[in-house]
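What follows is a set of structures for review.
In the two complexes that follow, chain A is the common piece, with chain B as its partner first and chain C second.
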Partner chain A sequence: MRTILAVTRKELRQIRRDRRTLLIMAFVPALFLLVFGYALNFDVRHVALAVEDRDASPESRSLVSAFVNSGYFDFVAAVHSGAEAERLLDRNDARAVLVIPEGFGRTVTTGGTAPVQVIVNGDNANTATAVIGYATSILQTASAGLPGAATVQTLPVTMEPRVWYNPELRSPLFLVPGLIAYLTMLMSVTSTALSIVREKESGTIEQIRMAPVRTFPFILGKTLPYFVISLLSAALVFLASQALFGLPMRGNWLTLTAMLSIYLLGALGTGLLVSTISETQQVAFQIALLVSLLPTLMLSGFIFPIASMPAFLQGVTHVVPARYFLIALRGIVLKGTGAFQLLPEFGALAAYAGVMLGLASLRLARERA
Partner chain B sequence: MNAIEVDRLSRKFGAFTAVDDVSFTVRQGEIFGFLGSNGAGKSTTIRMLCGLLRPTSGRATVGGVDVAGDPEGVKRRIGYMSQRFSLYELLTVDQNITFWAGLYGLDRARLARRREFVLDMAGLRGREHTLARDLSGGWRQRLALGCAVLHEPPILFLDEPTGGVDPLSRRQFWRLIDTLSADGVTVLVTTHYLDEAERCHRVALIHGGRLAAIGSVDDVKSIFAGRPIIEVRAEQPVAAMSALDAMPEVEKTSLFGTAVHAVLRTRALSIEEVRTRLRAQGITVETIDVVPPSLEDVFLDVVDKAQNARPSGGAAA
Partner chain C sequence: MGRLRVLIWKEFLELRQNPHLFGIVIVAPILQLTMLGYAATTDVKDVPVVVADGDRSSASRELVQRFEASRNFTIIDTVTTVSEIGPYLEDGSAWLALSIPAGYGADVAAGRPAVLQVVADGTDSNSTSAALGYATALVGGYARELLPAAAGSAGGIDARIRVWFNPELESRFFMIPGVLALVLLLVTANLAAMAIVREKEVGTLEQLNVTPLRRWELIVGKLLPYGLIGLIDILLVTAVAVFWFEVPLRGSFGLLLAISLLYVVSTLGLGLLVSTISDTQQQAMMTATFFFLMPMIYLSGFMTPIENMPTVIQWITYVIPLRYFLIIVRGIFLKGVGIEVLWPQVAALATWGLAVIALAVMRSSKRLN
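Let's turn to the complex of A and B:
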């Protein structure tokens, strides 16, 4: 107990003086939160729209206003030929073109069906899909108010979609939990690995080995401060996301803390394992980045859905702890999922932590003999 | 009572034998020098004695405790300091002391008492709040020594403790070692500074993992009994060296800075005779004297003998 206390105090004092580490630990989360929260936004707003209105009737003008008033489209130009529209699309001055054919007004007022054309720039598939979705919904709403609506509407079954938990489909709500998983993993793996390898480099670890101190309390004393710091930093990111992006908290704080703690334990174990296979801080940092950053970013479902990965990669995701943590985190925060339903995820995270800490202590024990 | 007893200790790393059948004892309160070039087996021996490395065979006790049987018990009885002066650079003098005291389980009252002792010993009064990284080499070295003796260990291991420190600080450091020894602390020190070895009560020379010589500095030098050493300073040292080598009475020569040392097989050859023979070959002799053997002479002699012995068999361990 005395050892743990002595080591923890020493570690905290070192962290306080080590400006670089402090800076990284304070600014990286803030920076990532801003970048991911604001810049990485899959929501499509203010699509530049060009309009080729060949009809020029009150009905066609009202359709154009429906597009502009929706808030999704910004009217940028009225064009008078297909060639002109194409030029705007090529120069990226317009991302979509609405073409209303001649006779549109007459057809719709007499209860007929009139086609309109929407040309969408498909160079970004995600955006294009979103634009088509918006256009379809605007056109549906507009059609409903027209005289032909009653006769045209012949479908006996209609779909009325409701999106739960994130009704406006806002990206931050989807991304921020991933960001929390990502940041805590990155920070705890690198900081643990570096703190041990630093002692290898300076030779202090040799001096510690000469002291009547067991490995376990020493390691515990060293990782405890990083555990607490990571926990605090995750809490800060979480609170900031609530303030900035309106991230809800529909579940239980206790469940969340338990999940976060077991996830962090696995991360610290990973950091320890990395420290046993590297002799210099540089190597340790690179390995730590490789094992924490890539899988958490690519293979956890943070950005890319696991369900759309090839079977082999889907298999790999089963050993990425962030995968389970994300399911739990999104569940607790967005859906208010209860602790009991998350037992499988908790079990998977506990298994990961157990394996990592076990491997790390095996290797650490071998280093002593 | 012997503080350290080493009996036929060996350590192999795969096919390589780092320490080969080494035996010696160190008395309580003794300053025992462990000499040898890099890779001779000094550090491996120390690591085994500190309970860090298990011996492949043989036995050793430190403070009466078996190093293989109870390594933790050994660690409680020893202090250790190496040339890297393993201090925490981002901690102050005081914080370093507090940390090591905590690791060795010193209580509050004892820490307060030992802290005073270390500050006085290392001359660090008034610098309690200086960061370790801002201390000069000599101070860091003395602070490291202070941290190593915080828990008042009866036995102290110093692994090349004076590496990279200026001569004045080295002298101050050795004065501290003498004080500790006078207080009954046993000190086992490795060094490759032979002037430092002269300050040890007894020395052991290790070469190729084997103990090549052991005893007081005078004992060790007695291998030169009946083999006088002459020191020649000449304007042409290299020519003088080959001329000396050509004389049948000369066993071997070596360069010591700008001087040549020649080991003679017999006392029959006078230095006047040597001067005459050198002059006959056109070599201008500046000075020529019979000199007492230094530890460096001993060391070179031992290494030569070991190397001559190896290829002809005998040392096929």
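Let's turn to the complex of A and C:
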């Protein structure tokens, strides 16, 4: 125990000397959260709508205002031909075009059926799906208020949706936990990835080779200060997400701290392993980014649901620690999931941390021998 | 001109000596594209559903059969009462719970309105909205089939929604052109920055400075080989996108190539700029990764649409070159538009490239005099 603390003390002194790195580790995650947290948003509002009103009757105008008053659509232009509408869609000046045919007002007031066309730019499938949903429901509501609709009998089966955990379906509640996992992973891995290779490059590794401390305590002693800094930095990020994005906390703080700690240990272990296998800082940094940045971004369920990926890629996600941490984090803050239910995730993260720290000390032991 | 040729030749010789480079230049972009191409999907299918069938009649089984037959849903379990669905949603094994009340079959047979309850897990707000949309459409369609035939003839609005550019709403078609832009940035900017800083670190930049090479020759000679690598990557990645992922390339390939080259020139300029403000390779990588790469990933519209971001963040996106290039690639691939539509983006990209290169050249001349 005393040897671990001695290594820790030495590492702390070194960190204190490098103020810039310390500041980056402590505050950059919170700063990134501030900018990227607002940028990451799937909620589709203010859809740019162009209108081609060939009828210009009170009825057609009231349909247009139904779109604008819904709050989902912003009126950007009135167009008079299909070519004009096409140009607006091509230039991204409009995302949807509402086409009301001639004679619309006369038809609907006399109880007939009038076709109304909505053209949607489908390039972004996600946004387009939302736009189609909004347009359909606005048209349905408008249709039900028309005189011809009075004869429609109520449908025999209706559906009443209820949403748990995130009733307003706000996407920040889904994305911000992902950003927390991503930022803490990135910072932890890059902070330790250079720690040993730096000693190799400057030659001080020789002294470590001679030091009367065994390898595993040495690794633990080196990890400890970074662990404390990362934990504080993660706490800062978490509190900032509660203050800025209204992230709830429905579960247990203790469970969250335990999960976060084991996740950070795994991330720091990954950095150490990278550091022991690399010969230069440049290589270490490259590998660190490759193993932490892309998988945590793409394969953790941060943004893209794992269930939608092909089977072989879903298999790959099982070795991405952020996957387990995200299930736990979202469960704890949004669903209030208890510690007992998260045991499998905790086990997976603990196994990952154990393997990483174990491999790192094995590699270093071989280097010292 | 002869001197320039010699310098370029020297740069190629140096590239050949670095065995890892082949991997970074050829394998990494393809690997990233395939991985990201498969992972980056927001399509929702096979939503896991738990059914609480309190009726157990032939009518309720028929409804459940409808869900089972749809490719959007997978029934994972059937329970009897609503109170049993909690655990399924809590541990995430089901996203949607369909609750059929007791007496549902009798109500439907007697023509009394029956209400189904659907409980959704709102954690992944994006997938959940899509899943609820599918469920609403499915139940609505089923209910209309149960109506007596005569009731269908009522008047009103006939909504005709048409999707342009991506009628199947494949999210992959939107993401993959974006990956092309991202991969090019990763390869060219990082490599160029490190190549120059390496000469600085080793001290050979001083030697180059005392050769009769003019400044522009030095810069062009250092950057041109990486420009060629960029060109190879453009061809490779476009081939994988078109032939493997079958993303439609509706616009002109020549135009795509020309603008991609313009983009590569500006990213190389960015690499040059990073190299002038860094003294060590580590600083260069840190600067490139945290201050250029990360903002570009999150603020360019690659992940989430710019129009969803708050206004202040939207202003920031105007200084991000990837923003313009993304509009260009997506426009050429999906919409098949040409220069007559894209010229504002091309102009912005060119301006950005010129500004960055001018800044980098100014910095480097100040430094060396």
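Everything below uses one rule, namely that the second predicted complex is superposed on the first by the 336 of 369 C-alpha atoms of A that agree within 3 Å, B and C clash if a C-alpha of one lies under 4 Å from a C-alpha of the other, contacts with A are read in each partner's own complex, and residues count from 1 in each chain.
By our rule, a contact is a pair of C-beta atoms (placed from the backbone, for glycine too) under 8 Å apart; a residue touches a chain by one contact, two chains touch by 3 or more.
Note that this is a predicted model, so its numbers are computed, not measured.
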Original post:
Since both structures carry chain A, what do chain B and chain C do when superposed there: clash or fit?
Top reply: fit
Subject >> First, second, both or neither for A:3, with chain B first and chain C second >> reply: first
Original post:
Between chain B (first) and chain C (second), which, if any, makes contact with A:115: first, second, both or neither?
Top reply: second
Subject >> Broader residue contact with chain A after superposition on the shared chain, chain B or chain C >> reply: C
Subject >> Partner chain(s) touched by A:81 [first = chain B, second = chain C, both, neither] >> reply: neither
Subject >> First (chain B), second (chain C), both or neither touched by A:92 >> reply: second
**OP:** May I ask for the angle at the C-alpha centre of chain A between those of chain B and chain C, rounded to a multiple of 10 degrees?
**Re:** 90
**OP:** In the overlay, answer first, second, both or neither for which of chain B and chain C A:133 touches.
**Re:** second
**OP:** Scan A:304 for contacts with chain B and chain C and give back first, second, both or neither.
**Re:** second
Original post:
Can A:206 be said to touch chain B (first), chain C (second), both, or neither?
Top reply: first
Subject >> Nearest-approach distance, in Å, of chain C Cα atoms to those of chain B in the combined model >> reply: 17
Original post:
In their shared complex, at which residues does chain B touch chain A?
Top reply: 50, 52-54, 72, 75-76, 78, 80-82, 84, 86-91, 95, 98-105, 131
Original post:
So in the complex, which bits of chain C are touching chain A?
Top reply: 20, 32, 35-36, 38-46, 48, 63, 89-92, 108, 111, 113-130, 132-133, 135-136, 139-140, 142-144, 146-147, 151, 154-167, 169-171, 173-174, 194, 281-282, 285-286, 289-290, 294-295, 297-299, 303-305, 307-310, 313, 316, 327, 330-331, 334-335, 337, 341
**OP:** Name, in rising order, each residue of chain A that touches chain B in their complex.
**Re:** 2-3, 5-7, 9-10, 13-14, 17-18, 202-204, 206-213, 368-369
Original post:
In the complex of these two chains, what residues of chain A are touching chain C?
Top reply: 28, 32, 35-36, 38-46, 48, 63, 87, 89-92, 95, 107-108, 110-130, 132-133, 135-136, 139-140, 142-144, 146-149, 151-171, 173-174, 194, 281-283, 285-286, 289, 293-294, 297-299, 303-305, 307-310, 313, 327, 330-331, 334-335, 337, 341
